[in-house]
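The following blocks contain the structures, represented as structure tokens.
The two complexes that follow have chain A in common; it is paired with chain B in the first and with chain C in the second.
Entry: the complex of A and B
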């Protein structure tokens, strides 16, 4: 009985999701079996050849490692900065709390492309950051966007900046759901800030933290805009990440099959993150 | 409990430093939009003296800005409307009915978050091509709606969960159908939740870059994020003044709507996550 009644309500979403989520997923994955032949201008069946080529591709391995560094450092930094900010924004001793909280949200509303433009300007060789560094007496400030050792980290900074508002607001909501007297009791017992957070706060808002870490890791791993606008993966692939590498193959070189192979590896990594999350939550 | 005054000052200083880190980059954008190229490079961080509006005139008069603005507005608002219409009943069903496949449906919604853009764009390209929707606004609307759906359904389910079930049961005893109950009792109570979905899908669609870049192939069909990226990559020396003016024009409309809707978005997101 219930099922028949639920169907009309779920049907529109279900139909749309089948057309634009399930079918494209299967279709996109199946592209890996084909390769583009420039001579004939056609896509021909090539079996698992794209995967064979992929595992011999040193740029792919490099982009994979970059993507892991990009995701883990971004999410870790976002989390620590946001946690600190959220606990401060939650403090009863802070004045103008509401105003501060609203201002914190600002980077969230900006399009990724605009965020990237802003940081590209900040990191220009003769731009604001290097001018400030020169003022502080740094003789040779790094060429943030063109030094192969620095370029990826430059992108990471921009990404952290963009992610802070969402993470902060979610943690703040978690903190607000805590009973005030727990923290009060900890303070009376003489617990330090660090002890209170690690022993009491983090365990009590573990569920929120898990969902934030999962979503933010997925979004960061899939993120395209910042690296595309800041460095295009350069110089010489130094800051190449998987989404950009897949795009370059699929739309720069028309090798959709090779792009799909990269995408499938990404899918496997991300689905394992989701499975980890579900297992952790179901426990 | 009182806080030591020194500690309290330190707390405020620390918050201000972090807020400055979040706000100062945006201020730079505003400054640049009001400066000439020479002024920008003479003092990369300075407050503009002798404000010029030329950058804004250049952007609006030249290129495809206005056409691309129109595209962005159409796509974003269609996405919002479609997302609200589709997610409200789905969120309601997830919240109120126990049906077979309910858990599977929820898991699927979470899993969609993990699908890499490249796979989806390769697959969707094929679907859209069949219906002649490549380079067409409806094609992009469908894509954006599909990204907005999972999160919005989840958000609304959380919202509906908080509305006491007795309200509709009373109405149904009075002879109301499920749909009537949803439309005339639940939805009016869920306006904040619906506004959260609207704000979320508006931001998502207005800011989305990757799919618009791949699907919208001609200058006239670009949306604003693609316009900005092409502006930057158009070759030669980057004209930071006009580019910043354009970026501001892209940001401001949706930023104002965001400020109006953020309250609902924040409580909607956090309401779902905390439970």
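Entry: the complex of A and C
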């Protein structure tokens, strides 16, 4: 009865949500069934051919692995560094706490492309980082954007820097919701710093951590701007990730169907993350 | 001048107000013009048009070269493209094939057709003869060099500035300097991969990478002449060590800064970069230009730009009127001069400002007959190049693949790409 009464109030939002969310999804899925034929300039029905091609495509497999490495390492590092930062910012002994909290937010307030351009400048062969390394006596500093073994990690560093503020603020909010008595009791009982963090703090803010990890995993997996500006997926596809690869096919080669097929694989991967999250929350 | 522009602006404002009252047509004109002088000149031309034609008002929309295609594809898919669009000529053709660019044959009179070389029209036409754009700007790919460094190295370039492949390599070898630790302090040459010197070299050697069957389908077949050209380019990095791996990922400002400070003795770029060198060095750096002479023929990349009309425009006739005005002799000359490029219309090109010794226009003018679009006119060329070909060349440059293996992979991957695109 209650639900029936609520329906008219929810309906407008549901309709808008369907329009802006479901409609593009259905459009995207329907695109997968078509391939662009350049000789005629027409999109022709090709069934599931785009998916068949996808799994024969070595660059796709490489981009998929890169995306997993990119997401797992970025989110893990973001969480670890942010946890330390948030603990520090939560400390009553830290002077100028408010100023530090404001400063921490700055990278998050900058547009992704601006951050990427700044990092690109820093990582250039003759950029400030390599100039500093040369000054310190490193004869052959790494070619951050050119070395295929380094390029993806360079992008990951920039991504971590950009993601830290949000994660820090979220963890800080979780820490501030903790009762001081619990921590004091742990201290009286002789728990070490590490024991307190692992056995008391983390379990206490588990729900906050879960939502942070889920959101950051989705955002990082879908992230496009940093890799695009820093390396464009190169050299020789070494830092290619799935969103960039989908863009390359959809816009660079005008194969929207193939780009959509990559998008659907990404959606399935992210759905599994969301399912894991929901299962944990329901428990 | 300022007063005149002010009056023109006022006139345009009055015209626009009158136009709104009279229910005039308003066209959107999308342009990626970005250099300050060029933007000003385009704005002036649009303002003059608006003042003279209250019935057809033009609204200028700016977009960056880097994302103009994303912008257009998204707009076209939504059925809301701008009416008149300034783009690379190769994209005029591609959008024409897809049905997004309107055939212009009915709007082009015999005088306009005759004033532009046939090769330029071919670049924007399909096999059935539909013309999808009006080519209006071109350039030449040149080698910029530091005259003081040349003098120190005892290099005297030929009077006409045309150097052979062997001479260019010899200059680069003599100009490259290392310090006591073996680290390179001056690179002889920097030819960024995306500036396509290597494509020019392939054309100069009479080579073939992409070819077209009689039925219109395409295939990748890299012949010996093309292999020689690509090997010459990659050897400059991997064997001669006169060019850094930075060719893979360069930064425009750092490149110019490097030229100014002597990090790069020579670099290749389009001729419009002259304005940037002058601005950056405050005319304090003595620099010159060279053109690479081909073993088989002389070719340099012209990278032509054109203007086309969106087929979904509700005001095609009015758009055509503005397009023809925008690309007329006077306006082509004005925009080309402001952009440090050359017009394509022969009547505009004949004007004396493109042959003056000031800013070395005369040096470039002598090489203009060699300028052509070296990129094969294949739909999806850029996608093919960056998805299947360049990654292989990058691996040669990085030393992770031999040239033979890379070219074999480029052939296999390239043909696979063409099949996917429906070009085979």
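Just so it is clear, the second predicted complex is superposed on the first by the 272 of 283 C-alpha atoms of A that agree within 3 Å, B and C clash if a C-alpha of one lies under 4 Å from a C-alpha of the other, contacts with A are read in each partner's own complex, and residues count from 1 in each chain.
Going forward, a contact is a pair of C-beta atoms (placed from the backbone, for glycine too) under 8 Å apart; a residue touches a chain by one contact, two chains touch by 3 or more.
In this text, all values refer to a predicted model and were calculated from it rather than measured experimentally.
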item	value
Side-by-side fit of chain B and chain C on chain A, or clash	clash
Touching partner for A:169 - first (chain B), second (chain C), both, neither	first
Which superposed partner A:251 touches (first chain B, second chain C, both, neither)	both
Which of chain B and chain C A:13 touches, first, second, both or neither	first
First (chain B), second (chain C), both or neither touched by A:236	second
Chain B versus chain C as contact partner of A:126, first or second or both or neither	both
Touched partner set for A:177, first chain B, second chain C, both or neither	first
Touching partner for A:192 - first (chain B), second (chain C), both, neither	neither
Which superposed partner A:39 touches (first chain B, second chain C, both, neither)	second
Which of chain B and chain C A:24 touches, first, second, both or neither	first
Winner by number of chain A residues touched, once chain B and chain C are compared	B
Candidates 20-28, 56-64, 92-100 or 110-118 of chain C: the single one with C-alpha clashes against chain B	56-64
Residues of chain A contacting chain B in one complex and chain C in the other	120-121, 124, 126-127, 251
Complex contacts: residues of chain C adjacent to chain A	69-70, 73, 97-99, 181, 183, 216-217, 244-246, 248-249, 251, 254, 258, 263, 379-380, 382-384, 386-387, 391-392, 394-395, 397-398, 400, 417, 420-423
Chain A-facing residues of chain B, complex	1, 3, 7-8, 11-12, 14-15, 18-19, 21-23, 25-26, 28-29, 32, 41, 44-45, 85-87, 89-90, 92-94, 97-100, 102, 105, 107-108, 110-124, 126-127, 142-143, 145-146, 149-150, 153, 178-179, 182, 203, 206-207, 209-210, 214, 224-225, 228-229, 232, 240, 243-244, 247, 250-251, 254-255, 258-259, 262, 266, 269-270, 273-274
Complex interface listing, chain A residues touching chain C	35-41, 44, 53, 59, 120-121, 124-127, 139-140, 143, 145-148, 231, 234-237, 248-249, 251-255, 258
Partner chain B, residues of chain A touching it in the complex	2-3, 5-10, 12-14, 16-17, 19-21, 23-29, 31, 81, 84-85, 88-89, 91, 93-95, 100, 102-114, 117-122, 124, 126-128, 131-132, 161, 164-165, 169-170, 173-174, 177, 184, 187-188, 207-208, 211-212, 215, 218-219, 222, 224-225, 228-229, 242-243, 246-247, 250-251, 256, 259-260, 262-264, 266-267, 270-271, 273-274, 277-278
